[in-house]
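Got a structure for you, written out below as structure tokens; questions coming shortly.
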Amino acid sequence: MLIGVPKEIKVHEYRVGVPPAGVRELVHNGHQVMVQKDAAEEIGLHNEDYERAGAELVETPEEIFERADMVVKVKEPQAHECAMLREGQVLFTYLHLAPDPAQTNALVESGSVAIAYETVTDDMGGLPLLAPMSEVAGRMSIQAGAHCLEKEQGGRGVLLGGVPGVEPANVTIIGGGVVGSHAARMAVGMGAQVTILDRSIPRLRQLEELFGASAHTIYSTA
Amino acid sequence: MLIGVPKEIKVHEYRVGVPPAGVRELVHNGHQVMVQKDAAEEIGLHNEDYERAGAELVETPEEIFERADMVVKVKEPQAHECAMLREGQVLFTYLHLAPDPAQTNALVESGSVAIAYETVTDDMGGLPLLAPMSEVAGRMSIQAGAHCLEKEQGGRGVLLGGVPGVEPANVTIIGGGVVGSHAARMAVGMGAQVTILDRSIPRLRQLEELFGASAHTIYSTA
Amino acid sequence: MLIGVPKEIKVHEYRVGVPPAGVRELVHNGHQVMVQKDAAEEIGLHNEDYERAGAELVETPEEIFERADMVVKVKEPQAHECAMLREGQVLFTYLHLAPDPAQTNALVESGSVAIAYETVTDDMGGLPLLAPMSEVAGRMSIQAGAHCLEKEQGGRGVLLGGVPGVEPANVTIIGGGVVGSHAARMAVGMGAQVTILDRSIPRLRQLEELFGASAHTIYSTA
Amino acid sequence: MLIGVPKEIKVHEYRVGVPPAGVRELVHNGHQVMVQKDAAEEIGLHNEDYERAGAELVETPEEIFERADMVVKVKEPQAHECAMLREGQVLFTYLHLAPDPAQTNALVESGSVAIAYETVTDDMGGLPLLAPMSEVAGRMSIQAGAHCLEKEQGGRGVLLGGVPGVEPANVTIIGGGVVGSHAARMAVGMGAQVTILDRSIPRLRQLEELFGASAHTIYSTA
Amino acid sequence: MLIGVPKEIKVHEYRVGVPPAGVRELVHNGHQVMVQKDAAEEIGLHNEDYERAGAELVETPEEIFERADMVVKVKEPQAHECAMLREGQVLFTYLHLAPDPAQTNALVESGSVAIAYETVTDDMGGLPLLAPMSEVAGRMSIQAGAHCLEKEQGGRGVLLGGVPGVEPANVTIIGGGVVGSHAARMAVGMGAQVTILDRSIPRLRQLEELFGASAHTIYSTA
Amino acid sequence: MLIGVPKEIKVHEYRVGVPPAGVRELVHNGHQVMVQKDAAEEIGLHNEDYERAGAELVETPEEIFERADMVVKVKEPQAHECAMLREGQVLFTYLHLAPDPAQTNALVESGSVAIAYETVTDDMGGLPLLAPMSEVAGRMSIQAGAHCLEKEQGGRGVLLGGVPGVEPANVTIIGGGVVGSHAARMAVGMGAQVTILDRSIPRLRQLEELFGASAHTIYSTA
């Protein structure tokens, strides 16, 4: 299969659909991969890295959308990307269609087969392609919150973990899933007093085994 | 030196001034030890254990107070024990003289040399003979508190550590010395949410290193 | 559905079938709830709490058993409660029928639909309504055991965790299920030397991951 | 002694020389305290809090510098504050004189007794008034570093702790004193791979006991 | 069923197919067990232990192979053991047939029912009889590796955990299954810096929960 | 000062008195250093490393002993090394004189100033040059012991940490100083059940804080 990887064009999106190591795996399994020039330059993955991994470098996204059997991206396609999709072409990326009827219509009209990362399920009913984003989001949330609590950022001047003799901050986490448990780990790691609410007692039990006395669990009601 | 160990006579006092291992150490260092018969029977230290360790068993406390150069006890001497003390005889035991003028006078009149365990200091200014009692007291305090919180004992029906989904109890410990830090260990171990108050920031720092995120420290003011 | 919650009448039973938060959930889902006056007064849940949650307060258990479609309790029904049950009425409570033929017969004769908490299973084959009781029982068992080992309670005068220089007590836990693992956590937390026996090697593996070097596991044979 | 607490005037300095709890301690010990109105309004300590603690509220810094026996501040005095200091008046604050000859001269000329927090030593040779600042600085440093590594802040897009399957960041801490050890705690807590360099082997030993396998220590040479 | 346990004859194999506790279980379940004399003498399990457990002691392996319905061993049968197997007789042991066509043919010719420990699966698809060997292998691997790194054994003179001021060794573990995770535990316990590679992100997540910051996980590609 | 570093000549001694980093420090402080060629080749420190650090390479030990103001070694000088020492020359190395009157006499006769690493004390009364050796010795002792317990080495076939379902080994450590506490860390890390005996209760307290429930402490008597 000929797989195409265009450069992401959404603001503040520096990631890329397939890194060089992924190219190598795909080529190793008999596929061909073409990557837009400088697609991941900003995150330190260079054109030579891609060439060494076996990718063909192409100049324009147009060429990718025209030739590829499957287009692999990170973010949902922007309007003019949707316009380039072809009947039967596979698009593999995050879509987040629910709040975005314009994109949904554009995809339907394109006749392409659009598979959303966030809806792929594994044998256990998990969401393997969403989970890593949730892990990052959970960990970043505490880092961002700690930053916002700094007095200079307009916050209350609270240090999550306090110092000896000064009480730590209270961090309450609503929902103990992937995002919540990774947020809890960061918050516990930074010394905060952490409470996790969840509606599932079995999940609260797992969290209690994981965190022991360093985080508390409360059963959440309506 | 001839050392005498009478049976304790205060209510609920089952301990003994010198256990058989201590007798062995004393005899090993050239002393003689006499122990009242059945002095430690209730805590599983039998007359044979003492004999095997080199002690002479004697029938009455009177014989001990009459012959011994030094009397080793646990609790402060009761009135008729004070009456048996002799000029120059050494008494080594817990005294707690402050609230007890009657005992103080009796000891002064006896002419004996009374050394209180609780006032013996080591090179570092610590109280080596009081510390183990404080360790036991600190650990017992949480055990006793947990028991008293049971509904059947008239308590509020609170389990220190909660269970998954139910918040743990708050335990506030005033003073982070030997008693307080051992109490904190038990409370943390039973899963409670523990806060320690102390007036010494350096001590709060040590406690924070010891307990990490599992207990909080607050500087205590007047 | 009209749900009724009578006051528990068994000795030392202070709990209640539905707390105010549960009433709110039930009312939120379209049910009506009536609660016997002062049903949970002793555990700090007041009549006003129930009224605010949307419950109707009634004076007598008779009225509850007469009107309710489903009666929710904690303990098995006592003889005169069984006599009040009606054909087709649902009783939801702990029953523990095995050792109690009198109750079993009374329930059969009543024609009611009696559902025992302890037999409700979830998708994984677990017993979700029994597990929290097992968690409490496991944690309480060590607290009760520690209390009974005190010399004043007629015990051997052993402190579970010892103190520095004095060995901790040995705690052997037979069965590493919910009760056993929560007992082990308390015992480890109090500093005892803990050994868990179980007939399932996979369970022993889970326990070893949970406790690491702080508890030992032994495979149990006949 | 009449103690005066002016509002801090340096940019981004929201702290205050004495909080209400400190006023209470001082008054309790027989001193009088006057505080400039709204001195700590921005960090949630209100005029009423100070009045309730026993402080006299005054309108201007001029009144404080004129009447007080001792002026307690946070930051080094600004030029016009130095001009208000009087012969024999005590100034107690952070000074950081080394890089600031202008301030040094102004203080010398004022004839006041200026005591720098950062030079007060305790019995052990420690710096008790500098240590809490170092603790805060150490903990903040990692929080600030983590923020700066975010791609949106122009960083390399590295998450300190990684996520499962992605290696954590390396954090190297030069100097294992108060700042360094608190920085190490935050970095370890956030999941980074931490290495601490120090020129004192005894200190490296303490750090290794504190961090175990979660941080590495290296002896630092010229 | 009559079960026979011969002495192992492979070099350096000191184990035995059934220990006395296993004999007791089998007899308790209605089977008969015969054990070759001195079969486990070297590992401290004596003939009397077997007799007390209910086994019949026999002199020769020939008698066992002739009479037993099932032969239980540890290692694959050697050539002359295969020759003793009978039509329909059950052989239960580790076989490792893949690299050993000679043994495979001998077993096929014998007409016996040979069941390999390493292929028995449980309800979850696990390999319950292989896992304990993998646990031992994983733990031993680090112990053996540490020994081989000693200078006197011709190694590089590296101590896995270093000492304060000297960096620990890097241990990279390829594959995070049973062998790998137990190896990781030993390596972490000895203070090494551990990295685990695996191709399964869900497994890496479990390992990260188990090891926290003390081991790192990397997703492995071709 | 001219400092000389000869190659060690005792069997199984691969270390060297000064590594290249130490040479750099000494040169940086105004000294001159000469090192025997290939002195540390076996532990991966090459002649070029020494030259780059500023050392002069010399061919023979004779030249070093003849020219150097101070000779720095690892092990005690062998007979013919003693013979090369000169009046007033400083020898800095481990000496272990107590069991070695021949060496003692040779040193006295040489007229050199021999300073033993193992007797250098710091301000706290510690032995800073002996402690690292004790750390290594303590850690190695458990590694060596684990190796010797392997069945193939003639041991009892015991794995220190056991596996799930099999009890770990008991490790008893006599003396909780530097050697003992580092041995305890390795033994705990490998999963053994560890008991430490010491005659100092304050030391046992430190050890208990360090090891928590993962090792036990017992006060040691005669």
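In order of appearance the chains are A, B, C, D, E and F, and numbering begins at 1 in each one.
Keep in mind that, in the parts below, a residue touches a chain if its C-beta (ideal position, glycine included) is under 8 Å from a C-beta of that chain, and two chains touch if they have at least 3 such contacts.
Only a predicted model underlies this, so the values are computations on that prediction, with no experimental measurement involved.
Enquirer: Enter the minimum step count from chain B to chain E; a value of 1 means the two chains touch.
Expert: 2
Enquirer: Both chain B and chain D are touched by which chains?
Expert: Common neighbours, chain B/chain D: A, F.
Enquirer: Quick one: how many steps at least from chain D to chain F, stepping chain to touching chain?
Expert: 1
Enquirer: Chain A-chain D contact: same residues or different, taking over half shared as same?
Expert: same
Enquirer: Since chain D and chain E share one sequence, what rotation angle in degrees maps the C-alpha trace of one onto the other, as a multiple of 5?
Expert: Resulting rotation angle: about 180 degrees.
Enquirer: Could you find the chain whose CA centre sits the greatest distance from that of chain B?
Expert: Relative to chain B, the chain whose C-alpha centre sits farthest away is A.
Enquirer: Chain A to chain B: how many Å between their CA centres?
Expert: From the centre of chain A to the centre of chain B is 59 Å.
Enquirer: So, what's the distance in Å between the C-alpha centres of chain D and chain C?
Expert: About 51 Å, centre to centre.
Enquirer: Any idea how many Å lie between the Cα centroids of chain B and chain C?
Expert: One centre to the other, that is 39 Å.
Enquirer: Averaging only over C-alpha atoms, locate the centres of chain A and chain C and give their separation in whole Å.
Expert: Roughly 42 Å separates the two chain centres.
Enquirer: So which bits of chain E are touching at least two other chains?
Expert: 132, 161, 164-165, 188, 191, 201, 205, in rising order.
Enquirer: Using the touch rule from the top of the page, what pairs of chains touch, sorted by label?
Expert: A-B, A-C, A-D, A-E, B-C, B-D, B-F, C-E, C-F, D-E, D-F, E-F
Enquirer: Can you list the residues on chain D that touch chain F in the complex?
Expert: Per the stated touch rule, the residues are 201-202, 209, 221-222.
Enquirer: Can you list the chain D residues touching chain B in their complex?
Expert: Residues of chain D touching chain B: 21-22, 24-25, 28, 122, 126, 128, 131-132, 210.
Enquirer: Touching residues of chain C toward chain F in the complex: what are they?
Expert: 161-162, 164-168, 188, 191-193, 195, 201, 204-205, 207-208, 212-214, 216-219
Enquirer: Can you list the chain E residues touching chain F in their complex?
Expert: 12, 14, 43-44, 132, 135-136, 139-140, 143, 146-147, 150-152, 156-157, 159, 161, 163-165, 182, 185-186, 188-191
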